[in-house]
Each structure stands twice: as structure tokens, then as C-alpha cells.
Amino acid sequence: QDNSAETLTSVMERGVLRVGVLGAFKPWSFRSEDGSLQGIEVDLAKRVAESLGVEAELVEITSANRIQFLEQKRIDLIIGGMYDTASRREAVGIIEPGYWASGPSLMARDGAIASWEDVAGKPICAKQGVIYNQLIETDFGARLMAFGGNTEGKEALRSGKCVAWFYDDSSIAADLATGEWEGFEMPVDALFVNPWAAAVPLAEKDGAFGKILSGLIYGWHEDGSLIALQKEYDLQPTAWLADMHESLEYDRSYLDE
Amino acid sequence: MFEFIAPLFLALQKATGLNFSPFYNEYDFSRLMTGVQTSLLLIVCVLIVSLIVGLLGAAAQRSQFRVLRFLVAAYIAMFRNTPPVVQLLFFYFGLGALTPQVDMGGWYEPMISSFGWAVIALGIFGGSYNVEIFRAGIEAVPETTLEASEALAFSPVQTFIHVTMPLALRFSLPALASNLISLAKTTSIAYVIAVPEMTYALSGVWNDSLNVGEMMTLLFIYYISVVAVIGAIMGRLEKRLAVPGLGK
Amino acid sequence: MSTEYAVSWSPDQPIIDIRGLHKSFGNFEVLKGIDLSVHQGEVICIIGPSGSGKSTLIRTINGLTPINKGEIFVEGQLITGPKVDKLALRRKVGMVFQQYNLFPHRTVLDNVMMAPRLVLKEPKAEVRERARALLAKVRLAEKEDHFPGELSGGQQQRVAIARSLCMRPDMMLFDEVTAALDPETVKEVLNTIKEVATEGMTCVLVTHEMGFAREIADRVIFTDGGRIVEMGPPAQIFSDPQDTRTKEFLSQVL
Amino acid sequence: MSTEYAVSWSPDQPIIDIRGLHKSFGNFEVLKGIDLSVHQGEVICIIGPSGSGKSTLIRTINGLTPINKGEIFVEGQLITGPKVDKLALRRKVGMVFQQYNLFPHRTVLDNVMMAPRLVLKEPKAEVRERARALLAKVRLAEKEDHFPGELSGGQQQRVAIARSLCMRPDMMLFDEVTAALDPETVKEVLNTIKEVATEGMTCVLVTHEMGFAREIADRVIFTDGGRIVEMGPPAQIFSDPQDTRTKEFLSQVL
Amino acid sequence: MTKVSTVPRPNSLVSILAGAALLLAALAVGVITVSQVAQGPADSSLNVLRRWSPFILQGFMLNILMSVIAMILATISGVVLGFMQISHLAIVRQPARFVTHVFRNSPWLVILFAIMLMVPFEITLPYFGLVMIPGWVKATIGFTLPVMANLAEILRGAVASIPTGQWESAESLAFSRMQTMRHVILPQCVRRMLPSWMNWFALLTLMTPIAAILGVNEALGNTQAAMEAAGSSPDLLIPFYLFLMCIFFIFIYPVSVWTKRLERRFSTT
């Protein structure tokens, strides 16, 4: 049974696109004082809705429930800091290309950690539901303490409940850039760099909805709008975005002639 | 044990799709084991702390010092009228920030771990109920029985030790049993401060393996068994202390 | 028997001497001036309508209820002053209540032994021997290892009497000890009290059992509205009451 | 009065007829073969020691306690068979208990009116009138808006009697209705019952009030150990009991 | 007299005073903490709290809404379940007992997880078509279940606690079982159950913040989001959590005091 157009149809009928975003994930998505959501991913979500000619409804998700939300059609689309992994590709429709990339890294007090091997036997704060959490326990022998939200996890680091905060390098870099984390550093390179992908229900991946998204994201890389957002939100420029921009840029030089 | 059951559950997963990963995946198995151990230890510690707090509180309530009685009343009012999850977060993050750190040889760890704070916060929370339960037990001792011991020339202390307490304990037991059971269930909220108890452990598993239904079933079975065990222990205690013709 | 603080008292003086006793609960005056002397070995029965203050009166004698005005002397000692040794008083005055009030978590033998052991610190063997003798006297020797809850009301009441006697008091107070019992078992308990009384113990009893009062009392006291209305030997009170309230009351309950 | 199912019964036949009644609780046989006939208008008093099965016996008559063997006929109708209309039976047989059992959440008047209104579906005005008349009869007219908790034991018991009478039963059962009352108020309740009995109502009473039984009963029944030991007019039972157990019992309680 | 029973008991006045004092103390601690650790005078924690408090209170409205709706649903379903438990039919009674047992003996958090993750977010209803169930509605269902089971148990206990004399005298007056239930037993149960019922309402309200763990934007969730958005500085923790405790306290404390009073009144009559 081909239901690959189902989501797009119901979005158009409804006039509303429901996008799952994380919510406490500065600067990709976070609350403003009036309670509304804002951030890079929120902007992206609004662009998708705009190009479909519908309204965007933002739904707060957690890393623990986002896949269920999508499966149960609570949301039409995830733009919520989700890694593109093999096992997730079995559960949801991962949209290529990714719109961002990052890898697991550490934030720790200046001088507390020098290398990945230093975490052995030490308490490391993390966030529940993050895919690579298992790594730091199995590969480096750390004692993982996973909290429900970033706030609690980072607070635990700040108040000395653990020696490092194990999370995305891009998020850590963003935090360090705010100036609120004086005395802390990101002492190690990311273990790997993994693209973040938007996701749609599995059946939609190769349907119209999936293709539209794929095209939109390709366009954001190509026209540099992702790099512009990175600048707008005061983030350190990353090599991955630059590479993507370069490799996906359409060679228009022939028009100059 | 693990070697023995792993193939069984692997086969089960292949055949039916039922994914009990902790029974065949070594990492998930270790998470489950940590979960069970931590949860049981947490329950035992919390119950003990709550009993001690309850007894001390009930004793303080009978004190001659107004200030002390007032403090106990304030303590009960505070802990019975605010959400336990927030209490836990307040203790862990709020007060936890003010406690000293210990040198672990190169790095520092808080003197009180998240497990420790869970024991303290939940113990104090549950204790606020126990105070009232013990007090009700003491009040249930008939005044006439106390009069009789008075008429027999018992001193107030003798009356308290030989008549009031033994009777109050027996009267408190049923209410105590149900409070301890509900406290044991409440330990699951230690999840929010990353104490690796059962709920935390299994939610970790279903986050990675997406086997929510199976892990949820395990959780229900686990807690219902724990409750049954506590109920049985309290029932046994009640039977041990039962006196013919007293109560029902 | 305990004589340690009976300073200037000799057995020919009243063993209980109540003078101008007043007692109120809040604004409600329950006892409105009671005068009463009891001599050693006397058996006094107090009768009167419900609420007339009988229980209150006998509870003042062992200090269970504090009083507002007046004086009570027990063995010549003022017991209503500010600094009275309540424990010493209660060793001399035994009391049995309507509701038995045994300690439900202790066996019958323990109930009887507890007070002498804890209060008088007497040696265990001696107390046990005496307790067993008393249980035999109230015909409950074979129940010593039972719990109070396993006994009938009459049996419990007899244990309560034995428990009080085991402290070897100089006098005994009984407050409607048969009121909660069914008609047949009343007899057992009354027989026990009769034995105690005939052995020379000073007894003050509140009772509704007129037949018993007539048989056992040296003096009957009729109270109403917080006052002693009439007092005299049972033959006179029951056959020829003087006061109209006494007459009315007796016509109702006889 | 209700006659709708009194098929072949005429008022000269026994209104209650009990034949070979046996009843056990578990292994314990409480009633060991009871035979008893009661005629219309008769007043029967059942006396006997505690535990002899008096309550059990009268509770079988209105079907509160199921029986093991034997037959009971009420107005000629077998009420112990398998398919008995319990509700119809209970409209004919009123019962008053030792513990009053008034409905504490309803006023006195409501207590009396409830059953005729709910069960007989009689019109409200009519029931109210009858209820008020009955309350006047038990001298509680001025208490009709009170709640049971506000009344004394004796008053509550009189309301319970009025409540039963308001169903206009053909006969009344009373189970130790004065046992929980204090000696003075017993009188009020007994007077009420006396009135009911002298008006011709068939009454079966369990009582410990020997004086009352002597005065009111047409026949006195003495039970012991689950059997009827002796039965006869009160003059004979009280003055000249035949059975040794009756003699012994009467010597104790009189 | 040195009667043991004359030792004063904490009466309601003392506990009311204690409650009020507590509130003041909490506020004072909050203010002191704030003034002590405030780094920049420009943006003290207290100012941050003041700016965010409407957002937190808005979340708190959702806590109240969830607890009120859950209580209504739990009362209705609890009464039904309670009656099923005392049914004479085993086929009705046994499943009711099982359901009661499971929901009484599982932690709220686990029940909440189960409902949140296993109930679909969208269902198709006849006439309405596809209807979305917002997270807070599912959480409300999750809170209903344990309360329902406990209320059912309370109803069963209350019915059992009515003296048999009440049943017998109603029976002797020819009441049917239904009439006895409706006119004699239940009215007496309602009085007995009222304090426990209110107690469960308070407990329920105090448990609603666990919905934050599952992403419902109620008071606790909003408090955490506010702290993150305000730069997650450690000085915020004590005032923010204290503020949160205070709002719950202000709402729940009167309920508890009233419950106690009812309990006392019913136990004396």
C-alpha cells in the first residue's frame, strides 16, 4: 500500500505543519520570555512551512520521545538535533543531506581533563536519550549520569556533581561563546562528526514530502543560508558546513560569460 | 545465568519481535542489574531514613518545648504540601551546590552523591507522613488504659515505655505499611536526578533499543513485586506483634 | 502494708477524709461540696443517677481528677495540695474501672505482675507467686498465659481486680465494675469483690446493683446533682429513704 | 394488613410455626432442634443464658439468618424454602435490634418514613401522618427533625420501634432491645413495648428483664444450649421452674 | 497532673501558623540568597525570577487543569471500579480487583511513561475524524489511573466499614439491595470518604510536575526552560525552585488544612 503522500496531503488539508523541536537546546531551539520558541531549528522549521504555504506549529520533543512522536503522527517532521544513524534509518525517514553536523565532546573545568582517556572512572554528566551515551561508558569506562534535560545536566557540571558534560561539540561551543561559562573549556576534539538530519515518517522518505525536504535542505547548503544562520546565532564556523557549501554549490560560473 | 537465558531471548526476539534486550545484550543486562541493585538499595535506605525521621518527629511533637513542636509542624506542612519531584530537585541542585566536595585523587566529587540526596530528600519527605502516623498511633491508645497504668502508680516514663509505645506501634502498623509502600514506589522519581535505579535504567534501554512496551512490562512487574515483598514483610511483622483480641 | 508516710495518722481516724470538695469541668460544676469520712475496713456503696458525679468523686480520691476546692486526706495525708507524691498515693489506693483497662499486649500474668515489678521493684519470683495466688483467688489460675482479648468481660474484670490487689493497697475503689457485663457474669465479679471486702479491705464502690449494695455495704451514699443527698446503712436507705429524689430513683431502678 | 399471599392460613392457626429447626455456624451447632408455635396476638418472651441461641432463633423468623434443617411457617407460608419472597416476608415481620441501627444520616422522621415510602411506595402525606402519630406514641414528637446522633440511647431505641411499626407489620421481633441502655432509660422503652403488645400485636421478645417478662408475657420460653428447655406461662416458669438449668439460671439473674 | 495525654497536640491553629511562617521563611531565604549571590546588580536573580514568573505561573495553570480533570475522571471511574469490586459476580469482580491492584502498586512515573509512550497521539473518532491528543491530555489520563484505583479501594473500604447492623436493619425493613446501597450505605460512605478524596486531590496535584519529565510544559518544565533561557546561572536554582514550591504550597495547603478539619470532625461524630 502506497501511503507515501499521506503526510503531505494531511499537512496541506490541515494548513499546519507540525515540527518537533527540542526546546531547551540553545541556540537551536529555546524559549523566549513570552514562552514562544526560537532558534536556528525553529527558523528552519518556519522556512519549511513557508515553502509549503502552511503555518508551522512547533511541538516540543525530547530525545527520548521524538521517534515515538513521529511514528504516532503527533508531528510531521523532526528538526530536533537528531543524528543520522543506521538504526534510526530503520525507524524513521532520514532526509539527506543533513543540515548540520557535530560530534560528541566534553565540557570541563579548565585543566580538569586533557584527553578522552582521562574520563575513566569519573562521573560524567550527559543527557538522557542521546545516542552516543553508551560510548563513553563502554569505550572509555566513564561513570555516566544522564539527566532529563540539558539544564539539569549542565547545572550538575557547574555545581561539581561530575567532572565533564558529555554532549555535542557544537552545543558546547555555543555555550562557551555566551560568556556564561567562564572557567570552562572544551578540552578534546569530537570523537567523530555526524550529520544532523531532519526526519519524516519512514514511508514518506521517498515520497513527495521527503523529496521536498531533501530539496529544501540542499538549497540551504547551496545558497549559504545555513552558514548565515550560524553567524546570526554567534556560533563558531564549522568545517563541515563550509565543506557542504562548497561541494553542493552549483557552479554558475558559466553564466558570467 | 546470563549465558543461559541470552539465546532464549534472542530467539524470542527473532521469532516474535519481542525485544527483551537486557536478557541477551550484555550492556543492557549490566544496566538492568545496576538498576535493580540501586533501586533496592535506594528503597531500603529511604524507608529506614523515613522511619527514623518519623520517630524523631513524633517524639519532638510530644516535647514540652513549643519551638520544637512548632518546627515539627512546619516541617510536616512544608513537605506534605509541595511536590516531591521539586523537593528532590531543590535538594540536589539547590542545597547540593552548597555542600563541600571531596578530593578523589585528581578530581572532585560532591560529598553527597545523587543517590545520597535521593535518600535524604525522599527520606525526609516520607518521614513527614510517618510522623503523623506514629502520632495517630499514640493518640489511638485509649486514655482509659493510660489511666489504669496511672492508677497502678506507673511513672509517666514507665507508662510510655511499657504501655503507650507497644500499643501505638501496633496501631500504627497498617498505616505505616501503606505509607512505606507508597514511598517505595515514589523512589522512581529519583530518575530526575540521574540515580541509576530501575526506571532510569530501563528508560535508558528503551531509548537505545526502542522497546518501550517490553521494558514497561518489566517495570510494572518489578514494582508490583517490590510492593508485594514490602507488604508481606509488614504483614508478617503485624502477625508477629498481633495480640489476641487486639485490633481485629 | 505501706506506712512510710502516714505521719500522724492512727487507724481509728478516718482513712479517707473529704472536706468541702468542689469540682468543675469548665463552667459545669459536677461536685458541689462533698463531705465524707471513711474508716478503715468500711465498705461504702455510692449510688445515684447517671451524671450525678459518682465517678468524678471516686476519681478524686486517688488523684486521677484534680479538684477545684476543698481537701482530701488519705491516711491523714493531704493529697490535694500542690506538691503531693502521686505515686505514693496510688500505691496505697487501688482502683478498678468499668472498662477493665487491662493492657491488651500483655498476658494475664504479666498484667498482674507489671506494677509490683516496675513500681515497687519487688523481686520477680516473689511477685509471680503472689500474682498466681491472686489469680487463683479470682478463679483464673488456668488463664495466666492468655491475653486479655481472649477472656470474657467478667474474666477480664476479675483480672483487673487481681492486678490492683497485687500492689497490696490499703484501700480499693471500684467504679461501676459490673456495668459493662452481662447479667450472669456480674455475679462472678460481685462474688470476688465480696471476698475482698469481707477480708477487711476498705472499699468504696460505685454500683447500680442495689441487691449487692444492700448485701455488702456498711454505708450507702446517694448522690444527685453533685451533692450527697442521703447517707446511711443500706437497710435504712433502701427500706425507708428520706429524700424525695432518693425515693424516686429507687422506685425506678428496683 | 398484608394478606395477599396468606393462601390457606386463617387467624386461628399459628401465625409463626417452627418445626425441627437446626442451625450451625461452621461446625458449631447453635440451634439443635427447635419447635415453637406462636398464635396471633400472643406475646412470647425468650430467656436464657448468653450464647444459648436466642438471637439466632429470632433472626431466622424474618430470614436474616438462613437455617440448615427444619421448617418455619409465617402466616401459613413456608419461609425457609429455596424460592422465598424475602421482601414480602419482611413487610409482615418487624424487627428491632439491640443496637438500634438507625440510619445516622437521616432525621428521625425520615428514618421512620423511609421504608413505607421506598418499599411500599405509599404516598408521602399519608406516611408522614402515620409516622408522626407513631413518634407521638413513643413520646418523641418534638424530636422529629433531630438526627439519631443527637438522641439518647433510649430515645433512639424508641425511634427504632416506631420505624418498624410504620411498616404496619403483622408481628414484631425484639432482640434484647434494652440491653445497651442504662437502667433508668430501660423503663421508657419497656413501656413503649408494653403499649404495642397490649394493642394486640404478636410479639416475640428476647429479654433479660425478668420483671418485664413476668408482667407482659403470655408465655415464657427458656432456652439453653440450642434447645427449648422449658416453656410456660410466666407465673409457672418464674415461681415453679421444673428444669434444673432453668432453676439455676433464674437463681442467678433474679 | 502529669497525664501523658495532656501533652498538647499540634492543633490546627498551630499548623496554620506553622504554614504561614514557613511561607514567610521561604520567601525570606529566597530574597537573602538572591541578594547574597547576585553578581551583577543589573540583573539580580530576583529580577530574572520576576520576569519569568508569569511564564511559570502559566505552566502552573496547566498543573491545576490536569489535576482537576484527572480528579473528575478518577472519581467517576473509581466509583464504577469500586462497585465492580464488590459485585457478587466473579467475572466482574476479578478483573476489577486486578486493575485496581496494578494501578495502586505501580509508581506514578511508570504509569505516566506507559501512557505517554504507548497511547497514540492521534486517534480517529467517528464524526470527528483524526483528533490529536495533546501531551498534557495523555498525562492527565496517566494521573487518572492511579487515583482511580485508590478511590475504588477507598469506596470498597468505606462500604465495608458500615456496620452490618445498618445492612440488617435495612434488610429487615424490606429494602432491596439496591435501595439499601442507594439510601443507606452510600450516603454514609460519602461522608467517610470525603477527607480521603480531598487527600488524593492534594497528592495528585503534587505529582503533576512529573509530567515535565515527559515534556509537558507545566510549572516544573517551564521553570527549567526559564532557567536555561536565562543563561542557566547557578544562582537561579534556589530562588526558582523555592518559588515553584511556594506556588504549590499556596494552592495545596488550604486543601490540606480543610481535609484535616473534616477528618477531625468526622472522627468525633
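By letter and in written order, the chains are A, B, C, D and E; residue numbering begins at 1 in each of them.
By definition in this document, a contact is a pair of C-beta atoms (placed from the backbone, for glycine too) under 8 Å apart; a residue touches a chain by one contact, two chains touch by 3 or more.
No experiment lies behind these values; they were computed from the predicted model shown.
**Student:** Per the definition of touch at the top, where is the C-beta contact count highest among chain pairs?
**Tutor:** B-E
**Student:** Based on mean C-alpha positions, I'd like to know which chain lies farthest from chain C.
**Tutor:** Farthest by centroid: A.
**Student:** Between chain C and chain D, what distance separates the C-alpha centroids? Give it in angstrom.
**Tutor:** Centre-to-centre distance between chain C and chain D: 39 Å.
**Student:** Please report how many Å separate the Cα centroid of chain A from that of chain E, as a whole number.
**Tutor:** 37
**Student:** Using CA atom averages as chain centres, what separation in Å is found between chain D and chain E?
**Tutor:** 49
**Student:** Take the average of all CA coordinates in chain A, do the same for chain D, and state the distance between these two points in whole angstrom.
**Tutor:** 84
**Student:** Hey, what residues on chain C touch two or more of the other chains?
**Tutor:** As it turns out, chain C has residues touching two or more other chains at 86.
**Student:** Return the residues of chain E touching two or more other chains; collapse runs of consecutive numbers into ranges.
**Tutor:** Residues 2, 117, 213, 234, 237 of chain E touch two or more partner chains.
**Student:** Two or more other chains in contact with one residue: find those residues in chain A.
**Tutor:** 68, 148, 152, 155, 159
**Student:** Inside the complex, what are the residues of chain A that reach chain B?
**Tutor:** Residues 63-64, 67-68, 91, 112, 122-123, 125, 128-129, 131, 133-134, 137-138, 145-148, 152, 155-156, 159-161, 163 of chain A touch chain B in their complex.
**Student:** Which part of chain E faces chain D closely enough to touch in the complex?
**Tutor:** By the definition above, chain E touches chain D via 163, 165-166, 168-176, 179, 183-184, 187-188, 191, 269.
**Student:** Going by the contact rule at the top, pick out the chain A residues touching chain E in the complex.
**Tutor:** Chain A reaches chain E through residues 10, 23-24, 26, 30-35, 60-62, 65, 68-69, 72-74, 148-152, 154-155, 158-159, 178, 180.
**Student:** Which positions of chain D touch chain C when the two form their complex?
**Tutor:** Against chain C, chain D makes touches at 49-50, 179, 182-184, 187, 208, 249, 252-253.
**Student:** Contact residues on chain B for chain C in the complex?
**Tutor:** Per the touch definition, chain B meets chain C at residues 142, 144-145, 147-155, 158, 162-163, 166-167, 170, 243-246.
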